[in-house]
Amino acid sequence: MNKQQTIEQAIAQIPAGAVVMVGGFGCPGTPFCLINELLRQGQRNLTLIKNDANESGIGISKLIENGQVDKLITTHLGLNKPVIEMMNDGRLEVQFHPQGILAEKIRTAGAGTFGFLSDIGIDSEIIQPEQIMEWQGQRYVVEMAQKAEFALIHAAQADSYGNLVYQGSAMNFSPLMAMAADNVIVETSCFGTPGSIHPSRVHTPSIFVNAVVVLPQLSNEYGVLDHHVRY
Amino acid sequence: MSDINRIIERAAQEIRPGNVVNLGIGLPTQVVHYLPENLEVLIHSENGVLGVAGQPSVDVIDPFLIDSAGNYISTRPGGSYFDSAVSFAMIRRGKLDLTMIGAFEVDQAGNLANWKIPGKFSPGIGGAMELAQKTPRIIVLTTHCDKKGNSKILRQCRLPLTAKHCVSRIITEKAVMDVTEHGLVLREKAADISIEELISITEAELIIPDEVGVL
Amino acid sequence: MNKQQTIEQAIAQIPAGAVVMVGGFGCPGTPFCLINELLRQGQRNLTLIKNDANESGIGISKLIENGQVDKLITTHLGLNKPVIEMMNDGRLEVQFHPQGILAEKIRTAGAGTFGFLSDIGIDSEIIQPEQIMEWQGQRYVVEMAQKAEFALIHAAQADSYGNLVYQGSAMNFSPLMAMAADNVIVETSCFGTPGSIHPSRVHTPSIFVNAVVVLPQLSNEYGVLDHHVRY
Amino acid sequence: MSDINRIIERAAQEIRPGNVVNLGIGLPTQVVHYLPENLEVLIHSENGVLGVAGQPSVDVIDPFLIDSAGNYISTRPGGSYFDSAVSFAMIRRGKLDLTMIGAFEVDQAGNLANWKIPGKFSPGIGGAMELAQKTPRIIVLTTHCDKKGNSKILRQCRLPLTAKHCVSRIITEKAVMDVTEHGLVLREKAADISIEELISITEAELIIPDEVGVL
């Protein structure tokens, strides 16, 4: 049940054209090292699912700018100019969802159910008429589960079985994606034997994890971004 | 004091002890720096934090702890971290008392447009739609006019809506206005503007009560 | 934001006829003290929602045996003879759901959505024909959200804001019910100031909790049941 | 050795290193006591535990840690606790390798009935329906006949089904049988019963291959 793999092994399982969820809201939780290896190996025609596109020049923005991504399913592109430009140019297909709806669609796939009934945006242009259902006298939006073949996850701590702990706001979409993807690849710089994480402190149980990549240390990308510091 | 500071300082006074408050990206996230240190309040950030407090000193910043705008934060005692599904469960369940949010346009019926300018700006909806649709009290923080001098407080929004009839109060650098069943009521105005001037720069129909406070 | 209340205060908010969720799977997680106070105060015509009915003579079985409960929404009655008898006699209305479906119905209410699409039991007698929906060429069971006015929860640890930590298998339905009920009443014997629980260790964030009752100590009901010990 | 012990001991041999296994209430939950101590396996209990191990010594029992049958348990290193929604997410997502489950009736097509005897016994479905419907491999553990001596291994179940076509293998004190596309194939039989006797006490049609092992 030891799921440790090298980063090359783990990422090599992702074929061209794969649908890949990526954890992280902004920097925290973004698995920069796994993403960089995907950049190096160069798989193309990917569909990525992530809350945001990171900022230009880091994280999944690199994959998009490098032309490896056909489609992005996301909630917000922030101020990422190159990605917004590629969207406007038609070089990148972008599908937007309200943030909590994307989270819930992923969680629904992770729960092994097929969809859920919502009222978010029911009369707005973000909802298509064909998503509306009448049920027991009420109108609902039917939101279908969002699956993926792979998820790339950063964990603050992992054991060799694949039990995970997240840090601070780095949790965000990660536990949901770990449940929803068929193959879950995790990176961590804090790796231990089974038993190193108390059962009550586990955020993602090992059963959802397929591969754990141990990072020798966290690179600068995981550090403080000076332009976000308030002096 | 800059217009921006005036808006934020006034907005900070809206937060009452015991409130749970979401501060949207832009002006609202800065409100956290204007709260009295001993005010017992839980700031919710939709990326999975309850109990947001200001950035710690630069040498102890935790790069894994930000608010939804990307600012480094700390948490006050009694805070918690959770995933994005739980975070929006809180929002959809109506567990927040108040959301402060920015606007491209807001109108006298409380409609809000803050996510899309067709053909010009459409970076996605983020969490705004759920916050606007599900928080019991929405306060819009915005400059009174856009950079070209056009009123952002309209009779009827022209841009795609974030949510209908969701706004309770609007705070600008010129005025505090409430959306009521009778229309948009002026509650406070800046000392450096007359009511006539205010009406002239506001597209929405302003109801002027007998008593108007000073912003 | 101090949510501490006396047990009398907290339980007195529950009116006759209320719909009340109760945490616990078997003994672990069952809020015995809150239940005993509800027994003492005697509110009647209750609808209870709990995984099981506890064993005869403890937990919610006392409320049922005392005639305070009109309806029980549950997954399994185990070997609880008096409760099964009351069901068979028609003195207690019982609504059964598959366990994971009940959990998910409660979680759906807690998520502020309205229902979900499932395939569990789709061709079995447990699903009514009117629950079946065709959507995009597939047949689904529509399972609606299960709300409640109150939830009674046992936590291993709580702070005065209402952040909760559960112990071992006592977690089960509790975090879901804490999200789903309008008024959440928690009992704990380990109570601290805000900050006594690290933000990463919180199982239920304070926002979902309305009242915290501090127990001076745990009674024998929370101890080891001799008839379940393997000697 | 009692019939029960024989079933449980044989069932324990089905569990391979690395498996994630749910043990249903009744006979299956007892299998945990028959596993080699060094076997690396994760036992799932639907009340929210992964990594179930046997009861600790009586003086250190944790009353807040039970399996779904109410037995006091411990956890092996690498275990985890989670809520009931996550627990059944694991089940519905097909993350378990194997579920061992009891039966009132099981038939040669792999149909399973284990939750209701109309008019006599209907204490609820618990987690059985989801386990039966969603686990890739289901092994039924049951006595070969009921207390009146009637076969529990049927041509076609008569009771309300828990799930259709879900069972892969049946282990009784008399035989090990596999549900195949051709029908129910005898794999092993007890040493103290002849094939003729076995056929005579089994309502289902048994396919007898050339080689039959000893249970």
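Side notes on the structure shown:
The letters A, B, C and D name the chains in turn, as written, and every chain counts its residues from 1.
One rule holds in what follows: a contact is a pair of C-beta atoms (placed from the backbone, for glycine too) under 8 Å apart; a residue touches a chain by one contact, two chains touch by 3 or more.
Values in this document were obtained by computation on a predicted structure and should not be read as measured data.
Listed by label, the chains touching chain A and chain D alike are C. With centres computed as the average of Cα coordinates, no chain lies farther from chain C than B.
Interface comparison, A-B versus B-C: the pair with the greater number of contacting C-beta pairs is A-B.
Separating the centre of chain A from that of chain B, both taken as means of CA atoms, is a distance of 28 Å.
Centroids built from CA atoms put chain C at 33 Å from chain A.
Rounded to whole angstrom units, the spacing between the C-alpha centres of chain B and chain D is 57. Separating the CA-averaged centres of chain B and chain C is a span of 37 Å.
Residue positions of chain A touching 2 or more other chains, listed in rising order: 104, 111, 113, 119, 166-168, 199-200. Residue positions 49, 81-82, 85, 88-89, 91-92, 134 of chain B are each in touch with at least two other chains. Taken pairwise by the contact criterion, the protein chains fit none of the simple patterns, being neither a path, a ring, a star nor fully connected. Chain pairs that touch, as defined above: A-B, A-C, A-D, B-C, C-D.
Considering their complex, residues 1, 110-113, 159-161, 163, 179, 193-195, 197, 199-200, 202, 205-208 of chain A touch chain D. The part of chain D that touches chain C in the complex is made up of residues 45-49, 55, 58, 61-68, 70-72, 81-85, 87-89, 91-92, 123-130, 133-134, 160-164. Remark: chain B residues 17-18, 20, 40, 42, 44, 49-51, 75-82, 85-86, 88-96, 134 touch chain C in the complex. Within the complex, the chain C residues that touch chain D are 25-29, 51, 74-80, 84, 94, 96-101, 103-104, 106-107, 119-121, 123-126, 156, 166-176, 222-225, 228-231.
Of all residues in chain C, only 104, 108, 111, 113-119, 133, 135-136, 138, 140, 142, 144, 165-168, 199-201 touch chain A in the complex they form.
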